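One chain, subunit A, links the two complexes that follow: it is found with subunit B in the first and with subunit C in the second.
Our next item is the complex of A and B:
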């Protein structure tokens, strides 16, 4: 039997809005869940998804994608990439899986909300596929690292991280709860698919796949490419939703959602991808700096998308771009210095050659971040490793849940951005983080950072050891220098020569 | 005499840190406690200098012998620790 072309039946089959008889429209689609902001249902029917597919097409393509990724994995199971790869690369894998895998299940739940409460039939269609995409992403990103667990128990954190109160896991949960677990269907379309996926994950996954291929980890490259092709499809849910909001006089609210989401996504991206690109990736495999990547792929991409849609650049755009010069360097120092609190082993990434590269890419690095690394390196060279370990907690931002940090040394600009609200003093990393809080204080005010929990007596004993126990980090899981401090030796000869 | 948490923003360091001190501590003692977590760890020692304490954003430092409970500093307020000649 000949089948009709999709284009001949799609529009009719998609028209699934109806007029309810037994309940009111408001009961069936409460505004709280739809986020339609009073835009009536018929106005949403102009929503036209740019990427169309049918269920049989979807299943056929997804089956091929899975078969591709799993067969590469099977074919390379006996390769020695895991053993031979630079330890910095293994750290990228561990941080990626722990921070992302279970977040994909959360994203599946968010897609499901759009399936049920989306006002536009096209959005519900796209989100149905998106929901299945995210389920696949969670499963495949749990299955692949599972193989490594017997070799290295830090890989167990691919599944474990989200079930703990480890600080980075708290940060990931806080951001993802805000971006899509506790938002309406329309908010999810804007914040998850448009801002987070189009802007950041889609690009990140492209970059990560290229880095994996460069490192020789073809299993991870094929896995990430496979996921990215799904992302690039379902990330398109947000654009038409924004068009409907703007066409119906809701630009200000749409802009606010976009501005919050980009700011929150930037923090996660900055701490996860920044140190990965500029420190954990071995020098010989670096294609471009994190700053160059952000300017070329993220800024350009976002500026075009926002302006094409009729939105403005976020009010903080220039401030965010200014952070490309320093914020991830500060996060890297925090990750390395508080390394026992991680489920991966951060690479210091500051050999003399690395420092030369950092100075070239970020002029002034040696006079700022380099000054702190000088002290750290000197302590390691002179048998004082205890001084490279933390004895207190960093102050954590009440929005990002990431330590508040900035430029040290000659360019010292570290600053708290405090806010007193209903008698409680909050601390933020920047004006941007504080602005997000001010948009909806009731939404955020009761959350306790790790430091708040420490001060409230929830961590026992009340010291760093107690904090590690609270974070569920077991011996053999706590992070340490990825290269076992071997990089310090590269400084020993010049230091000896200088002393003589 | 009571345990009192403040936030240390130490000159030339990269991060804010939790600093448990005591209400009876003088500003010099508070500065020494802050230095313990920064100087020699990420900030190079400057033996010719003293570390003075001020509120974030203030020009004026607290007197070196002022006790914490006399200053009006609130719990979890951010203090700047600055290298000075005296």
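Our next item is the complex of A and C:
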């Protein structure tokens, strides 16, 4: 039997808006849940999703994708990639799975909100597939690390992280609760699918795949790039939603949502992808620097598409570009310094050769971040490892939930951006983080950072041990230097030679 | 590279698919050359992904791909390997088009 081409039936099959008789439109689609900003339902009928699929196509294609990812895994299972990989690379896998896998469930819930409350039939249709995509991502990213659990219990955190009050998990939850879990259908289309997915997920799922392939971890490269093919489709839900908003005089509001989402996504990927690419990936396997990947994916590709849809650059564009040069280096120092509070073992990534590479990619690194690493290196060389361990608490940003930090040494620019609101003093990492808070203080004001909880007496005993207990980090799980400090030895010989 | 160069990096008109490492990549490059004869197709191979792009508009036709692959091909199959793309997209049963509406 001859089948009609998709184009011949698609528009008719998709036309699923109707006029309710038993309840009012407002009851069926409350503004709070649709986020339509007063744009009436009929105006959404022009919404035309650019990346189309149908249910039979979806099932066939997804089956092929899964078969591909699982067969690469099966084929390489008996290789010794896991055992032979650099410990820094294993840390990348651990941080990735813990930070991402359950976040995919949050994204699934967000897609489901578009399925139910999207104003455009095309949005509801594509979000149905998007919802199933995100379920696939959660499942597959729990299944792949599961086989590593008997070898290394830190991999248990692929599932455990989001169920704890570990600080990085709090940071991820805070961002994903904000962007995915507690927004309307239209907000989600703009913030999750457009800003987060057409933009930043490319960094972690394709950029990092390039490093994975260089490292020889083809299982991970195949897995994450396969996930991104789903993202690439359902991320297109956002574009036409933006066009409807702009065409109906809601550009300023759309721009505000995009600016908030980009800023929040930038913080998450800056701390997750930045150190992975520039410190944890072994030097010989780095395809590009984090900054170069940001230029390729975020500046060259994502921002360009934003302009094409009729939006402007975010008001903080120049500030964010400036951060490409330092913010993730500052985060890396924090991750390594507070290493017992992580569920992975961060690589220092500062051997003499690494430092040469960092200076080449980020001129000025030695005079700034390098000076702090000098002190750490000296303490380790002199047999004083206790001086490289945390004893105090950092000041944590009330938006990103990440310690406030910036450039040390000669380029010092570390600064708190405070804000007093209803009698409480808040601290922010930058003007951008503070601006997000100001957009909707009621949304954020009651949240307590980990340090706020400390000061409020919720963590006892009030020391590092108490914090580790509060964060549910068991012995054998808490992080330590990925290479057991062996990298320090590379400095010992030249130091000895210089002394003689 | 100065900060100004980085900040201006969005000023480009390059569009096209970013494919995962896949058995169809070589054929897609071949089809891109054939379907866009007046364009210079740029290929950036990062092993895990290959960025294929040109200025303004890039079309991939099913018929051309079938010829390059030497087998039947449904346009929707492209999704299996389409990790990302630069530009906007139009998907039909017979072709996929990447484009920008505005020229910067």
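The working rule: the second predicted complex is superposed on the first by the 499 of 500 C-alpha atoms of A that agree within 3 Å, B and C clash if a C-alpha of one lies under 4 Å from a C-alpha of the other, contacts with A are read in each partner's own complex, and residues count from 1 in each chain.
One rule holds in what follows: a residue touches a chain if its C-beta (ideal position, glycine included) is under 8 Å from a C-beta of that chain, and two chains touch if they have at least 3 such contacts.
Bear in mind that the values here come from a model prediction, so they are computed numbers and not experimental data.
Trainee: Between subunit B (first) and subunit C (second), which does A:469 come into contact with in this model arrangement: first, second, both, or neither?
Mentor: After superposition on chain A, A:469 lies in contact with neither partner.
Trainee: Report for A:394: first if it touches subunit B alone, second if subunit C alone, otherwise both or neither.
Mentor: Touch partner of A:394: subunit B, not subunit C.
Trainee: Give one of first, second, both or neither to describe whether A:59 is in contact with subunit B, with subunit C, with both, or with none.
Mentor: After superposition on chain A, A:59 lies in contact with neither partner.
Trainee: Figure out whether A:74 sits in contact with subunit B (first) or subunit C (second), or with both, or with neither.
Mentor: Neither partner.
Trainee: Does the superposition put A:416 against subunit B (first), subunit C (second), both, or neither?
Mentor: first
Trainee: When the two structures are overlaid on chain A, which partner does A:404 contact: first (subunit B), second (subunit C), both, or neither?
Mentor: first
Trainee: Using the superposition on chain A described above, determine whether A:13 touches subunit B (first), subunit C (second), both, or neither.
Mentor: Touch partners of A:13: none, neither subunit B nor subunit C.
Trainee: Identify which of subunit B and subunit C touches the larger number of residues of subunit A.
Mentor: Touching more residues of subunit A than the other partner does is C.
Trainee: In the superposed view, which residues of subunit A touch subunit B and also subunit C?
Mentor: The overlap between the subunit B and subunit C interfaces on subunit A is empty, containing no residue.
Trainee: For the complex, which residues does subunit C have touching subunit A?
Mentor: 3, 6-7, 9-14, 18, 20-21, 46-49, 74, 76-77, 79-93, 100-102, 104
Trainee: Which residues of subunit A touch subunit C in their complex?
Mentor: Listed in rising order, the residues of subunit A that touch subunit C are 5-7, 50-53, 57, 60-61, 64-65, 68, 202, 205-206, 209-210, 212-214, 221-222, 225-226, 228-229, 232-233, 236, 239, 287, 291, 295, 297, 299-301, 303-305, 307-308, 313, 317-318, 321-322, 324-325.
Trainee: For subunit B, which residues are in contact with subunit A within the complex?
Mentor: Listed in rising order, the residues are 5, 7, 9, 11-20, 36-37, 40-44, 56, 74-78.
Trainee: Help me check something: in the complex, which residues belonging to subunit A touch subunit B?
Mentor: On the subunit A side, the touching residues are 330, 333-334, 337, 369, 371-372, 374-376, 379, 387-388, 390-395, 403-409, 412, 414-416, 418, 425, 427, 451, 454-455.
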